[in-house]
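What follows is a pair of complexes built around subunit A, which joins subunit B in one and subunit C in the other.
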Partner chain A sequence: MHPAIQGVITIVLGVGGCIGYFYFANQLLDKVIFPAKGPNTGRNINRANQIRPWLFLFPAMFALGLYLAYPVFETLRLSFTDRSQGGAFVGFANYSQMLDEPKFWEAIRNNMLWLIVVPAMSTAFGLLAAQLTDRISWGNIAKSLIFMPMAISFVGAGVIWKLVYEARPEDVSQIGVLNAVLVGLGGEPQTWLTIPLWNNFFLMIVLIWIQTGFAMVILSAALRGIPEETVEAAIIDGANPFQIFFKIKVPQIMPTIVVVWTTITLTVLKVFDIVFTMTNGQWETQVLANYMYDKLFRANDWGVGSAAAIVIMLLVSPILAWNVYNARKEMR
Partner chain B sequence: MAGISLQNVVKNYGRLEVVHGINLEIDHNEFVVLVGPSGCGKSTTLRMIAGLEDISDGDISIGDRVVNDLPPRKRNVSMVFQNYALYPHMNVRENLGFGLKIAGQSKEAVEQRVQEAADILGLSELLERIPAELSGGQRQRVAMGRAIVRHPEAFLFDEPLSNLDAKLRVQMRTEIKKLHNKVRTTVVYVTHDQVEAMTLADRIVVMKDGYIEQVGTPMEVFNHPVNTFVASFIGSPPMNLIPATITSGQVEFRDATKIPVPSRLAGSVSDGQEVIFGIRPDDLTPIGHGIHEARETTDIDLTVDLAELLGTETLLYTTFVGQEVQGKMFDPRDVTPGETLTFRLSLDKAHIFDAASGQSVRRH
Partner chain C sequence: MDNIAGKKPGLTWAVHISVFLLVALWVFPTLGLFVSSFRTGDQIASSGWWAALFPSEINEVYRAADPDDNRVPDGDLFVVSGNIFEGEGGGEISVWGTSSRAFDAFRAGETSDLGDGETVTLEANGDYVWRGTDDQISGRGQRIFATVTSPPEFTLKNYDTVLFTEGSGGGMAKAFFNTLTVTIPATIIPILIAAFAAYALAWMDFPGRALLIAAVVALLVVPLQLALIPLLKLHLGIGIGKGYLGVWLAHTGFGLPLAIYLLRNYMVGLPKDIIENARVDGATDFQIFVRIILPLSFPALASFAIFQFLWTWNDLLVALVFLIDATGETTVMTKQIVEMLGTRGGNWEILATAAFVSIAVPLSVFFLMQRYLVRGLLAGSVK
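Our next item is the complex of A and B:
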């Protein structure tokens, strides 16, 4: 069968199945289990209304349980077993092996670098773009352009930027923009992605490029929510544009900035695709997610791979909790 | 120490002109109220004085400086906004001190000025609170405090009491008046509420559609409105305005009722002139229920449609020449709708406006 037809059938079955589930489960509840008639009409309606939310939540909870909660426990279990010994329980052996590997520490160091640089730069550029695009006539076009990378997948972005950083021998014309410019200015072509430490930053630029649009959109909405009078009051109070921005506007949108920052932090901790497509962790650019992938699918060492996954989860969880807490606080 | 002067000030937004070359001289330490219906240009005028809006044409001077092109911070004015506009992330102390702090004043100087303003406005207990923890009246007081700490040359108030409930509004009105007595400064105050204008102003500026209709003390504006707009806008309930014709030295209404032309206006009208006769409800009172002994009166019988009891007085709604006319009964007795009373009309308080121009026939 043609894959397109398969796709259409899948969509129809999936969407139809969902609608069917909600419709028939609801009918079953209202007509059969707790019918709104007979001697207990009032009680039945109340009970049906108590059960209904659970009925509707069930598919989502089931899917999340199967694909999210269960894997967490299974990964935790696997991280204590060794494949070469037939899946025998080995305690913290995988963890200690991992901690002895320089590649793991390289990944931790790089992840920390990403963690410091990317959310800060994305939020800063996003805030700057939000403030500046609000004041110019072609601001909306600028905004669309800045937001556009959001629509590109990380893999796609990785490929695009790999071409930007592409290096050819000196006597061949350069197809990478960066080297083309450099050579045009009289420099020598550089293999950007192999320069240790710096190459990390070249990779980070890709994620900053993508996430700035996200930060800009959210922060732009927040900036527009600031009461105009507080800005006018500050103008009358004698504040200059910088003071208005940093002392009046930014403090008022601080909760949003925190949410944007932590949201990007979560993305950063999970970063995989960009590194995978551009350097695959070579030349000291390893990150945790790619390390995990290496162990799990290349070395087929599910024990250490799972241990790495658990480490990532432990790092993400507190930030996630804080993010949810802040997002809720802001909604109130 | 400065008055404010507006000369031929024009404001337009693109092709739409909203303020049409107004002239106004505000004296040093004077409390001037700009009053008018919404859209009359009063707020725009205030914002031009503040520097929040550009001036399209004309000159605005504060003291002897023309401030047309000065940014707001160099004009040394402070402004109180309708919805307080407090900085939500700062406590009261920081809100009050913000302007001084960014002006580079020393910590001690800021602290001293903040304390002084807090004492004047009774905010000392609230200095550590943030705006969200304050009541509407307290927020308004902080907004005023933020204006006075800077010792500006002029205070600008933009409908500062509109967001408060009726009772608090009256209370804050008194406080603003007291504040002005304490901190003598030039004040420009914008409101659409003629009661606020009457109670607060040294001089009232009545505006309509981007023009100044009349400038005068509250009593001048109340007693001698220059046209029908001012007459109906100032005073509550509004002045009754009834079309009539001058016939052989008498005011003849459309139903042929005739009353004498008030003697002080006799020389200002001519036979056959179409006019609008104006009389305030206070000066149209049933016999024996007036407030003052008028020197010149005439009596007419009117049937009461509705009586509104206000305690010390009762508002009487009647129909005269096919339009609603309000009278007042002081020291009231019970009145039943449908009752016909003889009303005494105080001619010496009556007004006559030219019907075509709407201007008062009284010479100024």
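Our next item is the complex of A and C:
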């Protein structure tokens, strides 16, 4: 069967199935199980209303449980087993094997670098862009152009930046912008992506380029929400624009900055495509997500791969706890 | 905030200039890819893409036509004439010469004396006349070194190659449709499931509601890396295997937390009066949901749809794990590009074009629906 037809059938079945499920389950509840008539009308209506939320929630809960909650525990279990021994329990053997691998420590080191640099730079550039574009007439056009990389896939961004970093021998003309500028200034062309340590920063630039737009959009909304009286009062007191920005505006949007920072941190922890596309972890650019992919699908070592996934989960969990804490606080 | 005290014109200019620089810095890399996709491989290899926007000046070696076939007698002498471009390319010749040591010896229209009466004349448009005795006009054609200024030149051939040829440098048309096949069901199905759940979490009262909302917030940040192996095992175990069905289900599962979170936040904000009035009038929850909540929630639905569309379209990891099998029949564009990077890393015309084909659709969605995207980001900036 042609995949397009299969796709159409899936949409019809999926959408029809969903609507059908919700409609008929509802009918069943109201008309058959607890009919709103007879001697127990009142009690039946109440009971039906107690069950209905679960009817509405069931498909979502089922999918969430199966596709996100169950895998967390299954991955944890797998990280204590060895596939080549038929899935036998091996305790912490996978973890100790992983801790002995230099590639793992390289990935940890690089991930830490990413965690420090990318959220900081994206938020800083985003804040700068938000503050500057809010003050000019063509700010909206500027905003959408800076925001645009959000729509580009990490793979596409990888290709775009590989062209920027492209290096060619010294005697031919450079086609990568970075080397062209360097040679124009009298330097020697560099193969940027193979210089250990520094190449990490060249990969980070790609993610900063993508995430700045996101930071800008959120921070710009926050900046607009600042009560104008506070700014006006500062002006009357003789504050200069920089003081207004750093001492009046930034403290007021601090909570939003934290949200942006943590959101980008989450993206960074999961970063995979950029490294996979541009260097595939060679030249000391390995990161955790790519290390895990290597283990799972190249080395076929599910135990160590799962252990690496658990490490990512551990790194994410403080943010998870923080988000849940905030959400609960908001609901009260 | 125009015309308020404390605004200095000098500073305004600084703002304009810095924003311009920032925008230029952000657009420049993408522009490079776009321009490169319209250049031939030779052009890309010989000069940077920024040079393509201006007339280019290159030094090229040409050869006059083969004397044995083309010479015509002219009195005692023989003449070979023609155009050095031979119908390909073209441009304007500024200086030229007949040896590599003096390639700029003559201006266009001048005549070079090669000795013993043998001469070559070259016009600015490339027409040449090579004149000499029987002996001189023989063997191979006379070499001509010319400095040619050619206008910017663009081609659509790369798109033709990348889309419609099979093999490692092409097949993007098929990958495009595969991507579309993955994306559309994976965008539509989670919306419905999430909408009902969001309504229950927003407007229905039942024990454990707060706990469920907290669980959704928690699942929002669970890295999908954790789900890869267990779910692949599950799919292989229940016979779905690798394929479209598996990838649709996976995207649905991974998209749900954000969908529920976004929609619930939006639905909570809908006016209470409408819903309570409808209840008083005897509407059931199902009717309230379908007739009132769904239409009113359109902006939130649109926001999520855009997110999910961009995310599934741009995804590589989920497709690699759940969709693409050994036959490669179901390859998506991101995977195709990664493959090209491996096998044709130097062929920038192919790479740039393929990448641009894959980012064209998300870019147009982005520019058309930016309003909803921004709204969604503001509502759901937790993921």
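Following the convention adopted for this analysis, the second predicted complex is superposed on the first by the 317 of 332 C-alpha atoms of A that agree within 3 Å, B and C clash if a C-alpha of one lies under 4 Å from a C-alpha of the other, contacts with A are read in each partner's own complex, and residues count from 1 in each chain.
Everything that follows uses one rule, which is that contacts are C-beta pairs under 8 Å (C-beta built on N, C-alpha and C of every residue); 3 or more make two chains touch, one makes a residue touch a chain.
What you are looking at is a predicted structure, and each value in this text was computed from that prediction instead of being measured.
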Should the superposition on subunit A be reported as showing a clash between subunit B and subunit C, or a fit? fit
Touching partner for A:Ile235 - first (subunit B), second (subunit C), both, neither: both
For A:Ile33, is the partner it touches subunit B (first), subunit C (second), both, or none of the two (neither)? neither
Vertex subunit A angle, Cα centres of subunit C and subunit B, expressed to the nearest 10 degrees: 100
Should A:Ala299 be classified as contacting the first partner (subunit B), the second (subunit C), both, or neither? neither
Contacts for A:Ile116 in the overlay, against subunit B (first) and subunit C (second): which applies, first, second, both or neither? neither
Of the two partners subunit B and subunit C, which one touches more residues belonging to subunit A? C
Going by the contact rule set out at the top, does A:Ile248 touch subunit B (first), subunit C (second), both, or neither? first
For A:Leu197 in the superposed arrangement: first (subunit B), second (subunit C), both or neither? neither
In the overlaid three-chain picture, find the nearest pair of C-alpha atoms across subunit B and subunit C and give that distance in Å. 5
Using the superposition described at the top, list the residues of subunit A that contact subunit B and also contact subunit C. 232, 235-236, 239-240
Over in the complex, which subunit A residues touch subunit C? Could you list them? 3-4, 6-7, 10-11, 14-15, 18-19, 22-23, 26, 30, 49-50, 52-54, 56-57, 59-61, 63-64, 66-72, 74-75, 78, 125, 128-129, 132-133, 135-136, 139, 142, 144-156, 158-164, 166, 173-177, 180, 209, 212-214, 217-218, 221, 228, 231-232, 235-236, 239-241, 244, 259-260, 263, 266, 269-270, 272-273, 276-277, 289, 292-293, 296-297, 302, 305-306, 309-310, 312-313, 316, 319-320, 323-324, 327-328, 331
Subunit B partner contacts - residues on subunit A that touch it in the complex: 227, 229-230, 232-240, 243, 247-248, 251-252, 254
Tell me, which parts of subunit B touch subunit A in their complex? 50-52, 71-73, 77-79, 81-90, 98-99, 102-103, 146, 150
Which positions of subunit C touch subunit A when the two form their complex? 1, 4-6, 8, 11-12, 15-16, 18-20, 22-23, 26-30, 32-33, 36, 44-50, 177-178, 180-181, 184-185, 188-189, 192-194, 196-197, 199-201, 204-206, 209-210, 212-231, 233-234, 244-245, 248-250, 252-254, 256-257, 260, 284-286, 289, 310, 313-317, 320-321, 330, 334, 337-338, 341, 348, 351-352, 354-355, 358-359, 362-363, 365-367, 370, 373-374, 377-378, 381-383
